[in-house]
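Notes to accompany the following structure.
In order of appearance the chains are A, B, C and D, and numbering begins at 1 in each one.
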Amino acid sequence: MVLFFLVLTIVGPMFTDFVPDDYVGPRAQPPSSEYWFGTTTFGQDVFTQFVYGLYPAFLIGMIGGGLATLIGMLIGFIAGYRGGMVDEFLNMVTNIVLVIPTFALLLIIAAYLTVRGFLVEAIFIGFTAWPWAARAIRAQTFSLRSRDFVDLARISGMSPLKIIFTEIAPNMMSYLVMVFILQFGGAILIAATLDFIGLGPTTGISLGLMMNNAVLWGALHLGMWWWFIPPGAAIAAIVGALYITNVGLDEVFNPKLREM
Amino acid sequence: MKRYFTRKIFIYILTFFFAVTIDWLIPRFMPGNPVQNLLARASLRAEAANVMYGYFTRAFGLDVPIWQQYLNFWNALFHGDLGISVYLFPQPVIKIIMRAVPYDIFLLLPAILLSWIAGNKFGAFAARTKWLDNTVLPFGYILTATPYMWLGILLAWVFGLVLDIFPISGAYSYAMAPHFSWIFIWSALRHWFLPFASLFLVMFGGWAIGMRNMIIYELEADYSHYLEALGAPRKLVRKYAFRNAILPQITGLALQLGVIVAGALVTEIVFSYPGIGYLILAAIQNQDYFLIQGCFLFIIVGVLLANFAIDIIYVIVDPRTRIGMAGETA
Amino acid sequence: MTLLVENLKVYYQTLRGDVKALDGATFTVEDGEIMGLAGESGCGKSTLNNSLILLKPPMRFVGGRVELDNEELPVWDMKKMNNFRFKKISTIPQYAMDAMNPTRKIGKMTSELLGSRKIDFKNILPELKRRLDLVELSYDVLNMYPIELSGGMKQRMVMVLSTLLNPSLLIADEITSALDVSTQKAVAKMLVEFRDREFVKSLIVITHDISILYQIADSIMIMYAGKLAEKASTEVIINYPRHPYTKLLISSLPDIGVKYSQKKLKGIPGKPPLLLDPPTGCRFRERCPAAFEKCLNEPPFIEIEKDHFVACWKEFKKNA
Amino acid sequence: MFKKIALLVLLMVLLCAGIAFGQVYERSETIYTTGTMWGPPSSWNPITPWAVATGTRGLCYESLFLYDPLTDEYTPWLAESGEWVSSNVYELKVRKGIRWSDGAMFTADDVKFTFELGKNYEGVFYSTMWKWLTDVEKVNDYTLKFHFSEPLYQEWGNVMYTMMMVPKHIWKDRTEEEITAGANENPVGSGAYLYESYGADRMVWVRNDKWWATDLLGLKPAPKRLVDLINASNNVSLGMVLKGELDLSNNFLPGVADLVNWGYVTTFYPEAPYMLSANTAFLFMNLTKKPMDDPAFRRAVSFAINVNQIVNIAYANLVEATDSTGLLPTWSKYVDQDVVEKLGFSYDPEQAKAILADAGYKDADGDGFVEALDGSKIELSIIVPFGWTDWMESIKIVAKGCQAVGINLKTEYPDFGGYAAQLYGGTFDMAINNFGSQVSNTPWTFYDWLFRNPIQDQMNNGNFSRYDNKKVFDLVVELDKTPIDDLAGMQEVISQIQEIQLTDTPAIPLWYNGLWSQVSSAAWTNWPSAAEDTPNYLPCTWNNYWEMGAVLMLCELEPVK
């Protein structure tokens, strides 16, 4: 599923000979063989916008989700491994960021930049979405820390960092992957929401922006369902697919979950 | 136990402090100048504009040095004074917010609680019930993956326009003033339903999934096996499993609050439901320092309180925390 | 005769096929007998335990029959078994430490459990109290949560709980492994005491630790790779083992009373075969010093002396 | 579970029931409007006109005269008559028999008081009037004489219908803060409607059945109640208009052309441009930056923009392209056709290229874009606030046009705050704006905005180009000093202004923003329109527009039988 969209993202633009913002056809056309997803009130090709809009979704998922996971790992590892005061402190920080409704924060930050690109957006999301990853990873690290092979490494005088990355990290790779996947999906959702309320990127096209435009231009009342259904559906599909993939992995990694 | 709470409260206070500081800081980084925006709305002659610019800068206390503005902010805060809105000049921010809050309570409380309860019940039920597990849960995953606003738009479109059985904007009919009568309540309910539904559905999916997985973990736990080994009926085993599986879900609720706020925000925008979310967006678009601060502050307080409540509940239901050997919960 | 197991076969279903964890076990446990069950981990001890009391996926009942007090146990049927569990056959699980629901007061849990078995907590309370005294637990534990108890206390609590309804057969699985030596002794003694006071008719004690068995078991059964290797009275097993594996096992003990390291048997070269598809013939063949061509066929488990069962061709020759 | 909901509802109702217990409005007696308020009603203080709830000016408080741009006529209102008895003395007769909604009589004292508020408090927006107004003399209860140091006739003409009279007996005891920054809830006015209640998303006015104009002028507003809704979103307004739940929408609604053609709504004109023109959208170019400081460059831009495409695509013909002067159609009589003939411009890429070439702008590095005279690259951006969708679409077309003639212009959509900061602070390159070009009694307001001076770092209102030209500034003042009945004199001054304007092109007029107005005849009929048999007022609820005829519109409406 995800792959399907990924492919669509890459080859999509080849299917269409239009540019997202160009007024290519008659206004407000329902889907037809020429305009696969119909056209907007200005006669822009929805399908074109759609395929171009997919790209930012993945970009943000990658960077935003990735960044969040990285920060989460850093803090999670250190807190989980070092324990004690360090843990107490980092834990507190995490809790604080966790409790602050980061989205509201994101809004304000977003509003702070008057001109925004997808990259910036992704980075902001990354910086606000890490806490629960940190929390989860910390817990994992905690349980691993006392394993004998870690003790062994510690006794053999390995540097903490080395231990973390040579002993601990590999042993929870599967887990990290899952965390990343979740963050990936999360980032896409947050981005879509931001875009939708008009605090997303001020240039380019994204699925969220498409919905934003559709609503702004009264697609609902003019019955132009082809304008607002595809973007949302795509997001739901992608993220949903990601989640399900995650369950798949989860079941592989802890057989307990497996259905019998 | 005591230590546990003192620790919690300390964290909360700290959080509050940080949040408030950020809250105060960020709007001041924002481009534009509220007083200018205010005056931009009034097309004034140059001289008049200049005169009034100075006048209002003073009126809004933006003429004193930054650090002093910060102190004043705290000071005012403790007097429950959040300043005056620029965009809703000259209303006091606190008043504006208070007008919006009931709508949020009305919308969020049921949505969160009901979806949580229903989701858990359903998830527990679905777990290890093959056909449900295979049919309904994928659906649940899609639900959680659905952007709030999109579901909102869809509902609005289907029920509001195509079927035309629910209104899609406002909190109650434009043909009434709020008053205590069944028609009003009915009208309020009808306006409330769609936003509620879209919030409810998305959250429901999440809780169901979470619970389902939790239950399965718990059913595989030693104590479950022991019960089975002693021939306890499925009912009892599940009862225990549910009881324990609910704990992480409670924590989850606390963790989710932030996300829920976001969801509520867009939902309110889709249905132009006059809650805080609706307000904060307008405030941001209008560069209204004081209103932004107010709303954000309010959300913080709300979330903190909710978290605290959840902590207390958690302690009540989970003896382990009560016995005091509890590490940290959400 | 309390327990009769005939050619019991229980496999584990995995994605890669069946794991023959218990591949035809035949033995009996007499009234009042405490039978020790020993062997390397993965030899099928625990599988045996589970198949007798809690046979559920991924375990699959393949064949054989089990009789308890001349009554057939429907081990393959989770539901039907419930009528026997706790009342006739009970267990002290390996994980006794966290066998109790962490969020329920022990007393409440007990009463709910009994209630679910249609037994009135009230009537049984005095007896419960008596037994608590016996294991030196104060009555208040019933108002406590499991985490409030020490490991040993939990252990004892579970023992009392599991035997509360005087089952004919109690299976104690690795109950000592988690405890320090002194507590081990105490627990072991308690088991004997339970038997003597007839809280339980007979016992199967599963453990790595033959030394413990030496102290309490009447008879010892040795398992290897999902099959029975040898069963005889403790005396015989310790002093005159016949099966090569048993011999090695015993000899690898430094001396009675000292616990040997669990996983790998230094004494025996090589490691047990994978049970996914075990080699035909004697499963100990590869590691057996005395192996010979006949070992290519599977040795039966026969009584070579009174109450002494062995599965090894060599031994049959001797007696032949 | 349902108990819980029910409970919450009760709680809810109690909470939001607030103070006043209201009731359900009769549809046939209520008119629903929207398009003015961008946020919940927050102020009813006519001294802070930019913040007031719809109707505060016009429905509740009233002006001395009404002015109708369509006929260019003043109607005596609170005043009975007014005239310049000498070049610097204006005599005003106050209408007798007018009562404030609290029963007190309206007299010359109230007028005097209102004017003098500006004298006493600098925070009052018209305080600067006292630079040229010296004294307000009360002759008797119904007569005043205004004495001027330097009469600005045009501005005065504007004040006559834009300044709202407030009751002295209520305001005299108020502090400066209450006057200049108070919310003035439960306002006491003289107007046709009384403050009833408001909610987070609406303002509710109820008819004042003791309104003076009913007996004195025989006027009676048809709707018993007026409910004005805040602009939730195009989406919502559109939906409500379609369902006939909204009688008058003054929002810009996308796709209205279609709706009109399908017969869902009606507009002032039955076909394009559908709307009257309300103000002029200008393209401002920052003269403090190169190359916008070069008149030739600016003129080239003016030829590069395909305004018709903006009109057709971005607006679907809801607006009209302006003429070269940008003066609204109602001011067409002030346009000097000869000047336009000589200096006017229109979409003509070739011409644009030619001008650039002549001025020495050429594409040396062959990237398809010309470089500045000093050879440096030109990279400009044009801004409009994000979310102002019609403008966003428009500047895309502007940018395309410029790129086509070799000017490297990119679009940017900062939030309104960022837009305002750049525009007022003078850091922008190009921007669209129309705030001060509203229709009024005199082109002077238009030019006063376009050539706002002096040039400062912060230009909060008009002349965002920072076009600094003493000559034209003086001409604007001269225009201001021209009596409003001296048409020839005005035209003379204005044509000079236009000559300069079209030579230097400090800002380029693009299109006339419509007086957005979509009406539904579901509940009310006899709406103003171009048709002969209907009233001919501005169908608009915007602040400042009630006193331009919308009040009279209410009196002409007829409920659907």
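Rule of thumb we're sticking to: a contact is a pair of C-beta atoms (placed from the backbone, for glycine too) under 8 Å apart; a residue touches a chain by one contact, two chains touch by 3 or more.
Values in this document were obtained by computation on a predicted structure and should not be read as measured data.
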Practice prompt. Go through A-B and B-C and name the pair with more C-beta contacts between its chains.
Written response: A-B
Fill in: Chain closest to the assembly centre - both centres taken as Cα means
B
Practice prompt. Please identify which chain has its centre, taken as the mean of its CA atoms, farthest from the centre of chain C.
Written response: D
Discussion item. Report the inter-centroid distance (CA atoms only) between chain A and chain B in whole Å.
Written reply: 21
Worksheet entry | Centre-to-centre distance between chain D and chain C (centres being mean Cα positions), rounded to whole Å | 92
Discussion item. Averaging over Cα atoms per chain, report the distance between chain A and chain C in Å.
Written reply: 51
Worksheet, complete the sentence: Distance in whole angstrom between the CA centres of chain B and chain C is 55
Item to complete: Would you mind listing the residues of chain D that make contact with two or more other chains?
Response: 233, 239, 387, 414-415, 417-418, 421
Practice prompt. Could you list which residues of chain B touch at least two other chains?
Written response: 30-31, 160-161, 284-285
Worksheet item: Inside the complex, what are the residues of chain C that reach chain B?
Response: 53-54, 56, 81-87, 90-91, 93, 95, 98-104, 112-113, 116-117, 145, 147-148, 158, 161-162
Worksheet item: Which of the residues in chain B come into contact with chain A in the complex?
Response: 11-12, 14-15, 18-19, 22, 26-27, 29-31, 128, 130, 133-134, 138, 141-142, 144-151, 153-154, 156-157, 160-161, 209, 213, 216-217, 220, 255, 257-259, 261-263, 265-266, 269-270, 280-281, 284-285, 292, 295-296, 299-300, 303-304, 307, 328, 330
Worksheet entry | Residue numbers on chain B that touch chain C, as the complex places them | 222-223, 225-233, 235-236, 240, 243-244, 247, 317-320, 323, 325
Discussion item. Please output the residues of chain B touching chain D within their complex, sorted ascending.
Written reply: 30-33, 36-53, 55-56, 59, 84-85, 87-91, 96, 99-100, 102-103, 105-106, 109-110, 113-114, 117, 160-161, 168-180, 183-185, 188-189, 272, 274, 282, 284-287
Worksheet item: For the complex, which residues does chain A have touching chain D?
Response: 21, 23, 27-28, 41-43, 111, 114-115, 198-199, 202-203, 213, 215-218, 220-222
